[in-house]
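Right, I'll just put the structure down here and ask away after.
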Amino acid sequence: MKIGILTSGGDCPGLNAVIRAIVLKGTRAYDLEFVGIRDGWRGVVDGDFFPLTRHDVKGLSKVGGTILGTSRTNPYEGERGGAENIAKTLYGHKIDGIIAIGGEGTLAAADRLAKDGINVIGVPKTIDNDLRATDYSFGFDTAVNIATDAMDRLRTTGDSHRRCMVAEVMGRHVGWIALHAGMAAGAHVICIPEVPMSIEEIADLVTSAHDRGRAPLVVVSEGFKLRDMEEAYSDKGLDAFNRPRLGGIGDLLAPEIERITGIETRATILGHIQRGGAPSAFDRVLATRLGMHAADAIMDAAWGQMVAMQGTEIVRVPFADALGELNTVPQVRYDAAATLFG
Amino acid sequence: MKIGILTSGGDCPGLNAVIRAIVLKGTRAYDLEFVGIRDGWRGVVDGDFFPLTRHDVKGLSKVGGTILGTSRTNPYEGERGGAENIAKTLYGHKIDGIIAIGGEGTLAAADRLAKDGINVIGVPKTIDNDLRATDYSFGFDTAVNIATDAMDRLRTTGDSHRRCMVAEVMGRHVGWIALHAGMAAGAHVICIPEVPMSIEEIADLVTSAHDRGRAPLVVVSEGFKLRDMEEAYSDKGLDAFNRPRLGGIGDLLAPEIERITGIETRATILGHIQRGGAPSAFDRVLATRLGMHAADAIMDAAWGQMVAMQGTEIVRVPFADALGELNTVPQVRYDAAATLFG
Amino acid sequence: MKIGILTSGGDCPGLNAVIRAIVLKGTRAYDLEFVGIRDGWRGVVDGDFFPLTRHDVKGLSKVGGTILGTSRTNPYEGERGGAENIAKTLYGHKIDGIIAIGGEGTLAAADRLAKDGINVIGVPKTIDNDLRATDYSFGFDTAVNIATDAMDRLRTTGDSHRRCMVAEVMGRHVGWIALHAGMAAGAHVICIPEVPMSIEEIADLVTSAHDRGRAPLVVVSEGFKLRDMEEAYSDKGLDAFNRPRLGGIGDLLAPEIERITGIETRATILGHIQRGGAPSAFDRVLATRLGMHAADAIMDAAWGQMVAMQGTEIVRVPFADALGELNTVPQVRYDAAATLFG
Amino acid sequence: MKIGILTSGGDCPGLNAVIRAIVLKGTRAYDLEFVGIRDGWRGVVDGDFFPLTRHDVKGLSKVGGTILGTSRTNPYEGERGGAENIAKTLYGHKIDGIIAIGGEGTLAAADRLAKDGINVIGVPKTIDNDLRATDYSFGFDTAVNIATDAMDRLRTTGDSHRRCMVAEVMGRHVGWIALHAGMAAGAHVICIPEVPMSIEEIADLVTSAHDRGRAPLVVVSEGFKLRDMEEAYSDKGLDAFNRPRLGGIGDLLAPEIERITGIETRATILGHIQRGGAPSAFDRVLATRLGMHAADAIMDAAWGQMVAMQGTEIVRVPFADALGELNTVPQVRYDAAATLFG
């Protein structure tokens, strides 16, 4: 059997470890043959394939990024897209199935293709940890470690100057990175998309920490929105939705916190460093296990399913289980963390 | 209520994060009062207590080790030991209960004390990940990260000299650290206590990796035993059980591998660096959550139970669930990893 | 003798290691007594002193920031400022001399105070490495390591998406951090304040790297200025000097590079993480040696001088040697690095 | 011109960065052609060459080890060795000169070959920092950082158990790594080959630190020798020179310290992790600068010389300047560090 592998959407530490594990397990245990697909679904649509051997994946478990390249192409769009065209392309290249490694968009496309008769198996990928049906996804632990390390650094400079430090981390729709990195670094406020707060609530917690002699640390997800954001900013003539021009929500919060509390405040937007570089050991093990199970799933012709982590086990679930609602931070988890705020 | 906190047994990254979380949650949410107990059960027996306030736990989530000190004292031994004496000592200091953070020995003592009427709640601690009833324990992830980082380094020097590198990691009775660090680093052989191997089996895998142009990496738990160890070594006049004099099993394996394969081989015993220093973000979050739930358990008077991690949740389980058998590496997990050997 | 120690200006990894070394060497070798001065020159002016013993500096060599606090107060300003008032304040507290750890502003003030009869010895501090008379200053090596690590991460995500990554590092007036971190990370363009470039020159190098299949990495000092910046931006209605609103020069460059080259480009502003956290071993050793020599200088009554690193030696130089011109990147060093651009 | 590059002796972080810089500068600035020589002088003797292009050195600045392989072969030994044979071999492959990257043995051989008419330029390599004529050599800073990080970890576990921790670091003949890592980590005793001590002197310092409530940290170079070692150990029936069987000097010191002081003591032999993995930023910059200057030296036909770091400059020196005596730790540097012992 010949299997194509693709990575799609934003990159994530651990992608290469998944690819390596699929190829090693597949060639050694099952005598499968593999091709790499360039740049996600784009490569499927364009028939952009290349042989992927055991030699090609040597030493990849610790290498960040993806050797396959990635894109955000939708396989149902374009002239050569759609299940029928793709089936022809795969047939022409004698490719029997695809392992698609990606996030919600990728898995939704995979689900639709599977229903349209294409042999697809999925591996969930989300640095934000926003997919249901898997307890954790690789990349998340690495991102939390990087963000925590950065905040450890921000705290010492904050302490020296008795400043409030605002750290903006990834998380457009869910606050897992902020929650975990904030807990790990002992943040005094954590602001996540799931739980809107007013600037006054934030300022109160900052002041409380400062009053106890601490340099306040505020961690904020990039997708956090201030409650009543429009009103809060209309008095200073700012468009509340002009975030891009201001860098990020962190750049918007810092001056507001300083204005209200009188405490000198500085923002740092951690940005892309959270998604690059060598994966943590946890992510390498998780990615390797997912990859090996994906090779097993091929042998079982478990098309239309994805591998996932539940407890300490790797299991198979239908694509649908991971789709629809996002895996948001439950209020009870946030409330528990919030008892340590201020 | 006044609660004593103790840490017992070998130290572990995350102990201070547990202590901090108990004290912060306990004082802020429940108005509990805390005392630190010096050096584990020894401090209980000797009445060696000191006030532990919110101020004392400032900034502790990232600090390795334990500010309380630790020992391997058995609370049932000695003149002042035993449940009756301890009850008197606690009563005399108006201490209403104890949170004991420790491994199997500690939890077994806690179980016995609880049955003898002492108010004890447990927090599982094992860097080796050898306790049942909890999916993971803090310290394990940090140790795996340190070991993985060390092996990444060993591989580059192995590659330059085309040597076989042997890395001995912690794990007296179970092979979790070796399994995870070995998978993360792409080891060619992983030797764990649960799965005896002969020196010939190891040498074969080393030779196979070397033949493919790789610098073989062998990861071995300190508690690994060669199959037929006595026989294997009797021919060279060595006592198979004189490990302490030789440093570790790694020091014993390396020359044997070199003798059989003809490949230059070097051993590194990672030792105590695996248990010291700042905890990983994963361990800080886990330790913080366990500590907060231990404070909750105090309020529920859940004496005789310990907090544990199952899936993504923190739960309570009776001490007995964690005792008895060790949490060993299942054969199926080892076999899966072994498909990538050689 | 009683000596006051102060840290002034922006914080820097290694400040605490200097303080520790002064106190340990001074108390053990010379029986000196020390007081900490809070928040730089502000504490001198306000008489804000506290005893600083060997116990207080325990374990400080690896701790970022400064336990003394810091400020940008000028000792000649304010009602209680000026050499005469300061002499009275020091006399009133029986303080015989001051060790001032700081950058150009601090050392200039120290120089003036020394000429006005105050006993001052200096320790140079500059994370940017912009002071003359010392080959390196502590904090610089740590900042370069942090920036290099961040760029290693940016490269893997750049490679996966075939993007151009722009990394903005510290350096308002000199480009040492950009030069060294850029060389270490293998940057394709390095933009420093000493060498203005046009956006077209930058874009050409980006295109050249991209054409060879690389994901271009552009490193830019925060103080870099585009040649003809006003003209370049007037056509898009932007004020070339409105940097603060845009985050940093990196945020300004990225869209311009993307516009000209057609290559997707992302900026990351590393910001305050470069100046916080544990110092590198190099910086700890340098800071410890400077601190020990400052204690020696006290014994020699070498007032009006500062300690400095030249080659592998620590020497004493007059304040004036470090002041005036900045230690900029020589053109020849930049040109050498530039042969690897593109 | 066609130039061969070789790496010889023990591997060292930064070797690949030197190779990359030579090739990039040489091909881009001077249109030189390069061949890699496999496994040091062995490849010269055997004529084991392969083309080395710009593409081959892509991304190498951060990669530990050497892509060329290394060996300890002496070019004057063997049937095909000696200057005359080598001249023929190089002529046969149209190789005009060699850049030899190595330590004392390598440079001595290079010196002899140069005198015998072979075109050789040297790049000094020593992780131990034991070569004269260069202030620092790449690899040393990385090793010190790794050792310091390990000791930071050892200290937290030492503190928790109130143990004495002994850390053995590299340094067969000189104590630079021990001195710098020991200073950086705040060691209570540093034992180096240049300064013999008796076990009683070490035990006194350990006791003194312990009496002040510290967990004593002893750093020892692998080449350290106890004063009167034979006598010290004859009473326990041990052969003082049987180090290999005991692992290292650290394994020998720890039980002696425990016996004399009564303080529980544990040894850790850091071993090969000190020489592997990604180089520090300092070492990458130094290695890159040395490599670029070696390419310049080729163009100047500066045969018989090596590049070196002096202050902040890269200079050329005759091989002889680096040979003969080792660069040992001066007594004055050791004495300065020793004021912080105990």
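Going in written order, the chains are labelled A, B, C and D, and every chain counts its residues from 1.
Keep in mind that, in the parts below, a contact is a pair of C-beta atoms (placed from the backbone, for glycine too) under 8 Å apart; a residue touches a chain by one contact, two chains touch by 3 or more.
Just so we're clear, the structure is a prediction, and the values are computed from it rather than from any experiment.
When each chain is reduced to the average of its Cα atoms, A sits farthest from subunit D.
If each chain is reduced to the centroid of its CA atoms, subunit A and subunit D end up 41 Å from each other.
Our note on geometry: subunit B versus subunit D, Cα centroid distance of 34 Å, whole angstroms. In terms of their C-alpha centroids, the spacing between subunit A and subunit B amounts to 30 Å. Subunit C has residues 152, 155 in contact with two or more other chains. If you check each pair of chains against the touch rule, the ones that pass are A-B, A-C, B-D, C-D. Looking at the complex, you find that subunit B touches subunit D at residues 7, 10-11, 13, 15, 63-66, 69-70, 146, 149-150, 152-162, 165, 245-247, 251, 266-273, 275-277.
Those residues of subunit A whose C-beta lies close enough to touch subunit B in the complex are 20-21, 24-25, 28-29, 58-59, 61-62, 135-136, 141, 144-145, 147-148, 152, 155, 180-181, 183-186, 214, 278, 280-282, 284-285, 288-289, 292, 310-312, 336, 339-340.
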